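Here chain A shows up in two complexes: once beside chain B, once beside chain C.
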Partner chain A sequence: MSEKNSTKQHKKRKKRVGFPRALLYYYFKAMWESFFEALGAEVILSSPTNKVTKDRGVLETLDDECYSTKLFHGHVLDLLDKEIDYIFVPRFASRKKREVACPKFVALADILKYTKDNLPPIIGPHYSTSREKHGFWRLVKIIFEIGFKFTKNPLRIIYAALKARKDHKTAMKNVSIDEEALKKWENSEILLNDAPAIVDGEKPLKVALIGHTYVLNDSFASLDVRQRLQKLGVDIITSEQMPRKLLERQILRLSMVNYGLEFSEPEKLPKKQLEKHLFGRNDYFYFEFEHEIVGTAMHFLENKSIDGILMLVNFICGPVSVSMEYAKLFAKKIKSETPIIILSLDAHTGEAGFQTRLEAFSDILRMKKSTGTIPKSVKMVSGSIFESWS
Partner chain B sequence: MESIVTYPHFGPITLLLKAIFLELEVPEERIVNPSTPNKRTLEIGSEHSPEWMCTPFKLSLGSQIESIERGANHVFQMGGIGTCRASCYGPLQRLITEDLGYEVKYTNIDYHLPFEMVRDLKSVSNNFNTWQTLKALRKIWVKNYSLDLIEHLITFYRGVEIEKGQTDRVAKEIYDKLFSTHKVKEVKKYHKQIPEIFKEEVQIDEEADPLKIGIVGEIYVVHEPLLHLDLYRRLNNLGVICRNTVSLKKFTDLPAKLNPFVKEHYKIYREKARPYIQQYCGGDGTETIGVTILLREFGWDGMVHIWPFSCMPELTAQTIIPSVTDDYGMPVLPLIVDEQTGEAGFQTRLEAFIDMLKIKRENERNGKTQEKISWETFNYD
Partner chain C sequence: MTENCECPNEERKTSIETLSKEEMLESIHEEIALEVSLDKYYLGVDVGSISTNLAIIDGQKNFVESVYIRTEGRPIQSIQYGITLLKEKVGENFQISGVGATGSARQLTGLVVGADIVRNEITAHSLASLNENPEIQTIIEIGGQDSKIIIIRNGLPVDFAMNTVCAAGTGSFLDQQANRLEIPIEEFGDLALKSDNAVAIAGRCTVFAESDMIHKQQLGHSVEDIVRGLSEALVRNYLNNVGKGKEITGPIMFQGGVAANVGIRDALRRSLIKQNKIKHEDDIIIPEHYDVMGAIGAAMLAMNKIVKNPERETKFVGWQIPDINYQTKGFECKGCPNICEIIEVIMEDKVIARWGSKCGKWDV
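After this line comes the complex of A and B, so read on.
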């Protein structure tokens, strides 16, 4: 009797799909979760990043991988303990015609296949618009290929896909603000994140926190930077909250800078002239997830609406090495007065040192706010973790 | 302002880039050929580059700055929409040189945009029309075949030559002859003679029993002697014959691209790699895996995988290669180079690797004798 019951339960049991809580998950979590749930699967997440995840990930990977990739492997190992039927690691290359993601993302699934034992079947659709010219029909193929693993009803698959699309759009809308809201934030009319603590009865500092979504939203990987800043009385805006249109405009300007068109506003140029300069030109900054980093930095370096910029990046991250240089060169070129600090993170970053640097940065910003200049005793370029001041 | 053209140094391929401007009949006073890079070049480059950027960027920037100081003001560099950072080189270096106070024009060559490429090259030529430019470019890809062939011949003959230095001398003569020939027909005719010349002029030790090692990795590091620390010569001096498997042919071999009946070499490599990685992962990462499998099937003894620190595609390949080694029994030595790589550690690792390969070969051979070596058995093209 009990045996029969258990087989019945086994039949009823939903198929479990595991998501490593790292890298691309932070960009597409709403879409993936609602898609698989609508298909009738059970979504299993790896536990939030902790010390065990980090230690296992670091042991598992090569030394020159970036910190986030190391954590990704830790999360996968964590998932393997949770009895999952499938693991979802897409081979994601790009989603726009002229843009690509980090080249590591496209091979993550294959790396897992050859480095981990007893791995469940990987669901790893390959999608690349820029190189393979994938488009709508490829997407349909992917959706049905995945869908038929969980249900035999094609209508349900279509429903799941539409629901995922809708949820993704609402999630993106909820995260990023429009330009009006940005203006309001710059004028201290609204708050975008938790209210900052009030230190010494002074007005909170305004700082842009720039970094990859998978760094800023992972409280362990980013060493709780949001809470730390909040306690220091800093009001933050993160780069993922920035209005998308504004970021794209900044990136267009960047490629115009490369062509000697002096920072003119793209919307002021006639459309034909813009196309003539940009179409077929081969100096577009094509790393998709870097757009929010460079774009945000460019916007705030130019508008003196905030007190400082804090850039939080992974050590040896490939695309960031380019976008950091773009931000620095832009700041130099327009002789920006907004202080920018670049802090790099890796598996060995200590909390105490991190906290000291944040405190020093906020102190300097306060000094600059009250006196108008940065004191001369502050060295502008120094040490290992302070990438630079400008 | 009259443009004075320059281009970054790129190992033996520099000869080819030099030939492009020679064929376009750019007057001598309007071209600055890059000098052979040395440690100073690399130092200048790293000083002005982003810290985490890959080493090829730093060396090519240093090489450009040296040329710019010698009077150049128009740089040809890679650009485009790529998968790894290589296509960022041009735009970023433009901003860096501008920040340093130089007034330099950059032209980013992207092989995905052939029309723009021809137009840009036409604009620096000696009033050529499009047809003349195409004819000049044709000579380049014909010469590229010979360049690859000479490179392979050198690394073969230098490993087994009796009198040291003979191969280099012969190679120098051949390079001179090749790049002073301008007619396509003559180049093609000469191309067929090149193996014969080596065979006649270089005496090889026929009793020798050298190991055969393939070299894979990132294209710039594989070609630039300063970055790979003269890897080929080191291997040859240890009595090993080696072969570079990464070629510029991937980009320049237009006849093979247009001919539907010919399969390009890199596509064969990617097909071999398909069980391990199905999609293109940027740079030469996929090919690295394919070559490793292919050379094992040809009976080669080992591979050296060399790439610059922080290169993303090769790192992906390196993560997968241990399982290729397990499956096929092909030993692979990973070597990561950057501007601070020391020579002694490099040499020690190579020697240890070769000793281990010799032991492995003895065990596998089990007393059987090796057939006599010759270029024909070595060449697999």
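After this line comes the complex of A and C, so read on.
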């Protein structure tokens, strides 16, 4: 890590690999860090997003890029000041069969190559499971290609790869909870995040905070949404914390039939058929990182276990524009009574508008809660609280 | 016998229904429905980007007095001036039992006046409007630089939207165009009513509107027709942006400074009837104190807070607010790359608050 400055004084300096603290880093940090460290490299991270990162990133990129990509470029510029020998930007397309991530991820390395001067060599392996030849052996090839840049010992490379795999699994386990824990949270038996403040002696609200990991875990990009909600007395669960199996089950219920959306009941999907279902269908919702977004929204729109849903998106995210519509259609279809608000963020630091919307949303949820049961005949306008704020 | 049996049954049914509705409204208006205390008065202060509004209500939520002035980019001075005007109206010995603050400058306002409660505009407007008429389904609020829509169902706000980056569908759009036509904004509405042939004007952006307007003038259209065209452009812009995808149904409460404009009222009525959103012209209600609804709502919030906690003393600074020397100072903290813009509020040489820092190291 960056604080290991003492290594500089060594005669044989460790090779320094820079990771931009943006986008995919938030998903794979455990894997990447332990892999490179086990190979004997020093991992250099860009500083957490700040005003300078933002300003440099916004200046550097085209207007059409999404806010998160703009921040990514800011992080790269930050890294270039840190004397790195390599920069790690994988050309990552997908990790499961028939799935894709955001197409921007594949392009990042090449965009950097052609737009930045004085760039150190990029380590940018291309991996895409939707391609036929990108299976296990491809992965082995990538691992050794990278490994030999840092060590001549093949055993060390294998050890690094296995350690990375193990650490990634542990990290994933630590982030997401199991279904039992979810039940407990829904019944207010446990807390998954900071304890919410007590507002006017009232019980905390329960809200699902939905968004990409790289938005929710970047306090600058998300305008400190977690702390703001905590102060408003809101107990949250984030989409990355949701049980993975539950999310996949929700996604399999989605199917596009004749350009219309259909949702099957969860029990109508026999378990054995799931796999077949997945690979045999061409209407499968294939955006890998959208699964947790749509899946979480579907779960909470259906189960009245929480007070509301807050969806945070970075302007102008392509995949989210699809998942947002899916969530809205689903809410309409099942006549959900769970209020949902969608806030989109861009490169502005005036936070008053954001705060006003959060406050108004929590006020509405509290008023709804204090009235107790609302007659069933009443049509709640749900899934329609749509706010674009940019 | 059977008839006798059915009758009370039916009666009971209806009474249950009305009761449950009553009950529901009562609980919904928990914020509003409070003990009668005639001798207590509550102040609400709403400081927005364009106007500063102050309103006083009594313990029965009746309107007592109000002040509507322009903020002109100096919120503290305008609060002080507003308090001065209000003091002249009600007298120095007028007792205030609670103060509420709202509006985009609510944080600062709360400090300056010593508010017992600081809440957002959506909540304040909903409360004030529901108190005026509990039956309403939609609140349309068009102010100086922002506009909002609040959807109410069964006396509960369930949905809202505020305008985004652009101020095209708001009062300042009208202000600018009236300036260009050299018409006092007060006469704008009456002028629009004189026309019965609106000119089509692009209302999405003031820049386009201006070139469109000049072109139409050169073609020889009358000022009345152009003014009416502008009114329709504003309404169209509002309904297409802020009201996009919302279930607008009557009765609608139309408030905010722009509600004073008869031309806009008329354009809004016509447009909503045309879109089958409402059936009668009467479905749009303009409350008596349309311009200070936010302040009334803030006063109601303060009253609620005080009545809920009877032992609580109000934090109201007092009628001497105009004589106190308030200052704000801004500086950039260079402690880290975030370079936060810190605002310092100084009351009589004493720093009473600082905000703007991400890490909280400047908090008082």
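Assume the second predicted complex is superposed on the first by the 334 of 390 C-alpha atoms of A that agree within 3 Å, B and C clash if a C-alpha of one lies under 4 Å from a C-alpha of the other, contacts with A are read in each partner's own complex, and residues count from 1 in each chain.
In this text, a contact is a pair of C-beta atoms (placed from the backbone, for glycine too) under 8 Å apart; a residue touches a chain by one contact, two chains touch by 3 or more.
In this text, all values refer to a predicted model and were calculated from it rather than measured experimentally.
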Chain B versus chain C as contact partner of A:L71, first or second or both or neither: neither
First (chain B), second (chain C), both or neither touched by A:H126: first
First (chain B), second (chain C), both or neither touched by A:Y326: first
Chain B versus chain C as contact partner of A:G318, first or second or both or neither: first
Greater chain A contact set [chain C / chain B]: B
Contacts of A:R91 with chain B and chain C, given as first, second, both or neither: first
Contacts of A:V106 with chain B and chain C, given as first, second, both or neither: first
Which superposed partner A:V207 touches (first chain B, second chain C, both, neither): neither
Chain B/chain C common contact set on chain A: 387
Residues of chain A touching chain C in the complex: 47, 50-53, 219-220, 224, 339, 352-353, 355-357, 359-360, 363-364, 367-368, 370-372, 374-375, 378-382, 384-390
Residues of chain B defined as touching chain A within the complex: 49-54, 79-85, 87-88, 90-92, 94-96, 99, 106, 108, 110, 112-113, 116, 276-283, 285, 309-310, 312-313, 315-316, 318-320, 322-323, 336
Of all residues in chain A, those that touch chain B in their complex: 61-62, 64-65, 91, 93, 98-100, 102-104, 106-107, 110-111, 114-115, 126, 128, 130-132, 255, 257-258, 280, 282-286, 315-322, 324-326, 329, 332-333, 387
Touching residues on chain C, where the partner in the complex is chain A: 20, 24, 27-28, 30, 104, 119-123, 151, 153-154, 156-162, 164-165, 244-247, 336-340, 358
